[in-house]
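In the two assemblies presented below, chain A is common to both, partnered first by chain B and then by chain C.
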Partner chain A sequence: MTQSATVVNVDGLRVAYGGTEVVHGVSFQLRRGSRLGVVGESGSGKSTIARAILGLLPSEGRVTDGRITLLGTDVVQRTDKEMNDLRGRVVSLVFQDPLTSLDPVKRIGKQIAEVIVQHDKKLPRPEVRKRCVTLLNEVGVNDAERRLEQYPHEISGGMRQRVLIAIAIANQPDVLIADEPTTALDVTTQAQVLDLLKTTADRHGMSVILVTHDLGVVAEFCDEVVVMKTGEIVETGTARQLFSAPREDYTRHLLDCIPRAGDRRPGPEFDYQVETEPVVRVTGLRKQYGRTTVLEDVDLAIHARETVGIVGESGAGKSTLARTIIRLETPSGGTVELAGADFGRARSKRLRELRRDIQMVFQDPFSSLDPHMQIQDIVAQPLIVHGLADRAAARTRAAAMLDGMGLGTEYLERVPRNLSGGQRQRVAIARALILGPALTVLDEPISALDVSVRAQVLDLLREEQLALGTAYLFIVHDLAVARYFCDRIAVLFEGRIVEYGTPEDLFENPVHPHTKRLLGAIPDPWRNN
Partner chain B sequence: MFRDIRQRLAASVVTIVLASFVSFVVLRALPGDPARLIAGPLAGQETIEATRRGLGLDEPFFAQYGLFLWDFVRGDWGYSFSVGEQVRTALTSRLAATFELALYAFLLAIVGALVCASVASFRPGLRRGLVRLFALVGLGSPPFWVGLVLIVVFSAQLGWWPGPSGRLSPQLVPPPSVTGFHTIDFALQGDIIGVSDSAAHLVLPVLSLALLPWAFLTRLLTANMADTAVQPYILVVRSKGVAAWPTHVRHVLANSLLPTVSSCGLILATMITGSVLVETVFNWPGVGAMLTEGISSQDFALVQSFILLSAILYVIGNLVGDAVNRMIDARLRTSGAAQ
Partner chain C sequence: MAVTVTAAPTMASRRPWPRIITIIVLAAYLTLAIAGIFVQDQSNVADVTNTLQQPSAEHLLGTDGEGRDVLTRVAVGAGISIMLAAISVVLGSVGGLIVALACGLGARWLDRVLMAPMNAVLAFPQLLLTMAIAIALGTGLQSAVIGIVVTIIPVFAVTLRGEALRSRSEAFVEAAITIGLPRWRIALRHVVPYLGTTMTIQVAANFGNAVITLAALSYIGVGARPPTAEWGAMINDGLQHAVSGQWWVGVAPGLALLGLVIAVNILTDQIRARRSADA
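Our next item is the complex of A and B:
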C-alpha cells in the first residue's frame, strides 16, 4: 500500500497509565480524505488513542507497545521537540468542550495567531492578522475583526467551537482529530458545526478522526467506523454496514439504546380526558436580569404522573425556567402555584414547607453530590432536614429506597467517587424522590451519562413516577429522548413557549419554524443508511 | 461596574472605621492609667487629674473617639509621650525604613515564588521535592529565628554581609531624604558606595522577612499551576505545536495568577505591619521598636494612629490586588456576565 493512501496507521497500539493498561492492542487505518469515527462509551480508551496520535498523553500515560504512523513517520519514537513541529501543522485537534478549550485570559485573535506564528515565525504581524480574519470568515464567524479583540467568555459556545476549528485548520493540516467536538452544543449548533467540519475537511483535503460517544453524530459524519469497548476494538466497518447490519452484540446494544421513532417508555399514557387539578400551575412567569428578559409570559400546567418536556437551544431559557420554578431564582413576575399555594411568593417557614414538594435532579451527578458523604446519608438528608424522621429512621428509609433502585447494602457506605456515573445519578434521583415530591424538576438528567446507562436511568425514573405519582418537568436538549419519555413537550425559544403539544403533534405537524428547525437538526442514524 | 466600585469603596471605609474603633476600645480596656505613667509614681492626685484633662481623657468615650478620628483626618495625630515627638513625624520618619525593608522583601518573595512555582509545577520529581522542602522550612521557621541564623552564618562566620547594625555603616551619613529609601536616595546622589552599603545592609533582613511569604506564595502558586496544567485549553495549546515550557509560562502561569495576586496585597500589608520582630533582630530603625515601646507604655496616640494606618494599608492592598486581577482576567471586568 502506498503511503499517500494511508495518512494514519495505528498498529497494535497499547497504552498504559501507571501500571494499568487501558488500550490493549488497537489497529486501524485512516485513509487520505476519509472520515473515520471512533465510537465508544467512557473508559473505552477512545480519547487516549486520540491523544496518543498527537503524542500528548497525560504525564502518567505511556505507549507500551505498537506503532502509530503519521504520514509514514513513527510518532511513538519521536521526541517531544520533533512532535512540536508536526502538531498544529500536520495534525491538529478540535477538542471536546468549547467552554474550556480556549484560554480564558487571552484574546481570541491571540489564540488563533499563536498557531500560525508557531509554524511561521517570520510572518509579519499584519499578515498574521489578515490570516486570522480570513480563517474566522471561513468558519462562519461574523464580524471577524471585532472578534479578534474579544475574550472567550464574550462569545457563545457554538462560536467558540468555530474558533477552535479555525485554530485547527489554520495551517491546513493533513489530519484533523476531533474529540467529542459537539457534545456540549445543542442540536442545531451541533448540526452546523458538523457541517462546517465536513465542508472544510473536503475543501482542504483533510482526513478526519472523529472521537465520540454519539452514534447519531457518527452516522451524519463518518464513512468508516471503529467501535471500541474497554480498550479494544469490537467492530470495524463502513458506517452504512454498521447501522444496517451490525455484526457484534455490543454494537447492536449501542444502537438499541438510541430511542427511535415509535419507541415509547413503559407504563400507560397520560389520560388528558380525565379532568384533574394540576399539581403545579405556572401563569405568566417572567424573569429578568437587569434589562434583559430571559423568560416572558410562560404558562404551564403539570399534573400528577405527567411528564412535561422543555426543549430548546442553549440560551432559550430552559435552565432559568427550571431554576425559577423551584425558586432558586426569584420570579420577576407571574405566579407559580403548587397544589393551590402560591409558591412563587411564599416566605421563610411556609417556603421551606412547600420546598418539600418540589425537588430537582441536576445534570452532572459528579458535582451535585457531596463528595465526602456516604450515599446513604446523602439520600437520608432531605428527611432529616425537613424533620420528617430522625437519623436512624431516615437512614433505614434511604437504604430501602436505594435498594429498590438496584443499589444494595454493599453500596450504602460508599462515597460518590466510588460509584459509576449511572449509579451516582441514581443516588441523586433517590435523594430527590425520597420526600415523595409533587413535582420533580429533571435538568438534563441523562446527558452526562453513557449511552447504555441512559436507558436504565430513564426506565428507573419512569418506574418511580408510576409508583409515587410524581409529576416531572423534564429539561432536555435531545429531542429523541423527549419524544420517548414525555407526555407533552413545550418548545422554548427566546424565553417564550412557542409550541406546546404531545410528541406526536410536535413531530408530525410542527407549526412554529423554530420547532421545524430543531427537528431537522436531529442526527438520525437510519435516515441515510 | 461603577456601582461595584462605589460599593467596594464604601465597604473599605466601613472596615477602616471599625478597625480603628476596636483598637480604640481595646487600648482603653487594658489595665493601667496613662496619666499615672506620664506624671510618674510620685505625682499627687491633682497632677494626675490635670494630666488626664490635658490628654482629653476626661471627655466622654464617644467624644474622645470622634475627636481622634477628626484629628487624624486633619493630619493631627497627636503627641507621643513615649517618643517625645509628634506622632506624625515619629511615624513617617521611621515608616520609610520599614517600607524599604518590606518592599524589597515583597519583591523578592514574589519573584522567588514565580520562579520556584513555575519550575516546581513543570516537571514532577526531584525539583518539586526540593521546592516543597524549601516551602516547608520557610513556612515552619519564624522569621526572627531565620534572622538570627542568617546573622550567625553570613555575618559572624562568613562575614559576607553586615549583621544587626541598622541601615548604614556608622561612618556613612544618610543621604538627603527624597523617597526615604536609602538605596534610591544614594543612587539619586550618584553615591555608589552609599548604594552598595545600604544594599548590603538590606540583604539579611530582607531575606529573613521574605522567606515566609516566599514559601507561602510558592505553595499556593504551585498548587494552582498544577490544577491549571490539566485544563483542556492547555492541551489545545500544546496541540498547536507550542513547546511545553512556553505553554507553561504563557498559559498555565497566566491563568494561575489570580488567587496569588489577591493574596499579594494582603501579604505586602502584613509585611509592613508585621516586620517588628525582624526589625528588632537587625536593629532596623523602623516602626517596630517604637511601636512595642508605645504599647507597653500605653501611648494611645501612637498605637491608635499606627493601627488606623495599618487598616488603611490592608484595605489599599486588597483593592490593588483586585484591580490587578481585573487587568489580568477580562472575565472580572464584565460585571455579571461571568458565571
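Our next item is the complex of A and C:
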C-alpha cells in the first residue's frame, strides 16, 4: 500500500473523557475509494473514533495518544479553525438523526447554501442556488426547486437523510464519515439511502467510513470492516472474509445473533389445524386523528401460544395498532374482544380489571421503567394493583420471576439506571408477564437493544411463552426477526393489513407489491458474501 | 435505537468550591436564625441611654434609635424571614402541585376550569397583587404570608402542569396505565417523583423571592408591624437615621437580606445546572 493510497490513517489512537480512557490504542487505514465499516455495540468507542477524526470530540474528550492523519496531514494537533477549513472540504459527516441534525427554522436551501458558501465565499447567488439544485437532484430528491423553499419538518425522514447527504457532499470531500446514517430509517428507506451513498461515493471517488451497530448494513455497504468492542479492535478484514470466515469469537457471536433464512425459534410450531377460540379478536378496527385515518378495517384473531407479527414501514400504523389494541388510544371504530369481553369499549374500573389479561412490552427499556423505583417494585406492582398479592408476597413472586430470567437477588433493590439495556428489557418483560396475561403486545421489544443481547431477549420471550401460554402480538420492523419468531405475519400498509400469512407463505410467495418491496430491502449479510 | 452513549463525568463535580461556599453561607444564616431564637427577648429591649451607638465591641453592629442591639435584631429577623418564607413556599408548592396534577392528569374541562384563575393571578405583577391581598386582609405578617402563598400557587401550578402533561407521554407512565393502575395512584407513585426536579428548582427560586417580598411588604408597612424585628421594617426604620449619618441601623439588615437572597439564588442555579447535567 503506497502512502498516497491511504486517505485516513489512525495509528495507536487513545481517547479519554475526563480521566476515563474509552479508546485504547486503535489503528486502521482507509484506502482511497474504499468503504470501511466500523462496527460495534454501544460503548465500543466507534462513534468516538469518528468524532476524533473530524476533530469534533465533546469538550471533555481528549486524544491522549496516537496519531490521526488525513491525506498525510496530522489532525490531532490542529486548531479548531484549521479543522473548520478541512471539514466539509476534505472530510465531512453524515449524522445519525436527520430530524435533529437539520436546523428546524431554516429552509433546506439555506442550509445547503451555507456549506457551499463556507468554502467558496465569492460564489454568486444564482450560482449557489444552481449548485443546490444539482446536489438535491444528485441525491434523488425530486422537485428540487420547491424543496429548497421547504423546512425540514415538511419532508419525510428519508428525504431529510438525503438532504444531509447532499450537505455532506456539497464540497466534494475526499472522505465521508457516516455515523449510523440509516438507524432512524425503516428498511426500504435504509436500502435506498445506502444505495445512494454507495453510488455518490463511487461517482466522486470518495472514501467512506460507516459507523454502525448493524452487521446487515455493513454487509450491504462496506468492503472492509473493523469490529470493535469496549474501545479496542477485535478483528479487521474484508467484508467477505468477515462474513464467511470470522476469526474471532466475538465476531462470530455477533454474526450468530442475526437470524438467517431457515433459522427458527425453539419450541413447537403453532398448529392451525386444531380449532381453538382466539383469546383476542380484533374486528374492523379503525383509528382516526381528526380527519386522518391511521388504521382502517383491521381484523386479527390471536390464539393462545400464537405469535402474530405486524410488519410494515414507519408510518404504516404499526405502533398505533399496538396502542389501540392495548387501549392507550381509544378505537374510533370496530371492536377488540378479549376473552369474550368488549375490551375496546370498556371504561374506568372495568377497563382496569380487564387490563390484567392484556399487557405490553415497550420498545425503549430506558424510558418504560420508572427511574425512581426499585426493580423488585416495578415487577411487583401489577400484582399489587390487581389485589393478587400483598406487598411482601408480590415482591417474593417478582424476585422468583426475575431470577428465572437471569436477574438474581443482587438486582432487586437497584434502580433502572444501574442496569444495562438488555437487563432493563428483561425487567419490562417480567412486569408484563407476571400477571400471566392472555395477550402480550410486544412493541419492537428488541430494536433498542444491542445486537448481541437481542437474541437472548427473543429466546427469553419464547421460553416464557411456552411456559405461560401467552399469545404475542409482535410489532417489528425487522423482517428477518419476524420470520424467525412469528407464527403468522401481517403486513401493514397505510393503515390496512394487505397481506396475512405464515412466514413461509410471505417469504416464498409474496402477493402484494408492498410486501415484495419490503422483502427486497432486507439486508442479507450472506447474499453477496 | 442503539445509540452509542459514552459516559462523561458530570460537570457539577468539576468545581466544588462555589457549592461549598454557598452551603457555608446558608448554614451561617441558619445558625444566626437559631441564635436569634435565644435572644428573642432582648430584641425589643430599649435602652434610651444607648441610642444610635456606632458598631463597637459591645454592640457589634451598633444600636438603633431606641438603643436596641442591631445584631440581635438582625438575628431575630433572620429567623422570621427564613421561617415565614419556608411556610409560604411549602404551602404554595403543595397547593400548586395539587392544581398541576389535577390539570395535567385530569379531564380537559377540569384543566380549563382550574387554569383560568391561575392565569388570572399570573396576569398581575406579583408584588402588587401580594400587597393588595395583604392590605385587604389587614396588615400583619399573617396577611403577608397569605398574599405570598396566593401568588406563588399559580407559579408552581403552571410550571408543574406542563411537566405533568409531558409525563403522560412518558413510556413508564403509559406502562402504569396498561398495568391497570388508577389515575390517582399513577399521579402519586410515578408523576410526583417525575416532577421532583422541577419542584426542587422552583422551591429554591421561590424561597428567595418570598424572602424579598416579605421584606418589601414590611418595608412599606403592610407586613410586620413595629417593633417586630423584621428586616424590611428595620430597613425602613434605618432610613431616617441614614440621613443623619447612622448608616448601620439600615445597612445591617439590608446586607443580611441581600446576602441571603444571593446565596439562595446561587444555590438555585447550582441545582439547576446539576440537574441539567444529569439529564
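Following the convention adopted for this analysis, the second predicted complex is superposed on the first by the 526 of 529 C-alpha atoms of A that agree within 3 Å, B and C clash if a C-alpha of one lies under 4 Å from a C-alpha of the other, contacts with A are read in each partner's own complex, and residues count from 1 in each chain.
Assume contacts are C-beta pairs under 8 Å (C-beta built on N, C-alpha and C of every residue); 3 or more make two chains touch, one makes a residue touch a chain.
The structure displayed is predicted, hence computed values, not measured ones.
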| item | value |
| --- | --- |
| Fit or clash between chain C and chain B when superposed on chain A | clash |
| Touched partner set for A:S367, first chain B, second chain C, both or neither | second |
| Touched partner set for A:D85, first chain B, second chain C, both or neither | first |
| Partner chain(s) touched by A:L56 [first = chain B, second = chain C, both, neither] | first |
| First (chain B), second (chain C), both or neither touched by A:Q359 | second |
| In the superposition, chain B vs chain C on chain A residues touched | C |
| A:A144 touches, of chain B and chain C: first, second, both or neither? | neither |
| First, second, both or neither for A:Q96, with chain B first and chain C second | both |
| First (chain B), second (chain C), both or neither touched by A:L442 | neither |
| Touched partner set for A:V105, first chain B, second chain C, both or neither | first |
| First, second, both or neither for A:S44, with chain B first and chain C second | second |
| On chain A, positions contacted by chain B and by chain C | 58, 96 |
| Contact set on chain B toward chain A in their complex | 124, 230-233, 235-244, 251, 254-255, 328-331, 334, 336-338 |
| Interface residues, chain A side, partner chain C - complex | 17-20, 22, 40-48, 58, 60-61, 96, 180, 183-184, 213, 326-328, 352-353, 355-356, 358-360, 362-364, 367-373, 381-382, 385-386, 428, 431, 447-451 |
| Chain A residues within the chain B interface of the complex | 51, 54, 56, 58-59, 80-81, 84-89, 92-93, 95-97, 100-106, 114-115, 118-119, 151, 153-154, 164, 167-168, 289-290 |
| List of chain C residues in touch with chain A within their complex | 1-9, 170-172, 174-182, 185, 189-190, 193-194, 196 |
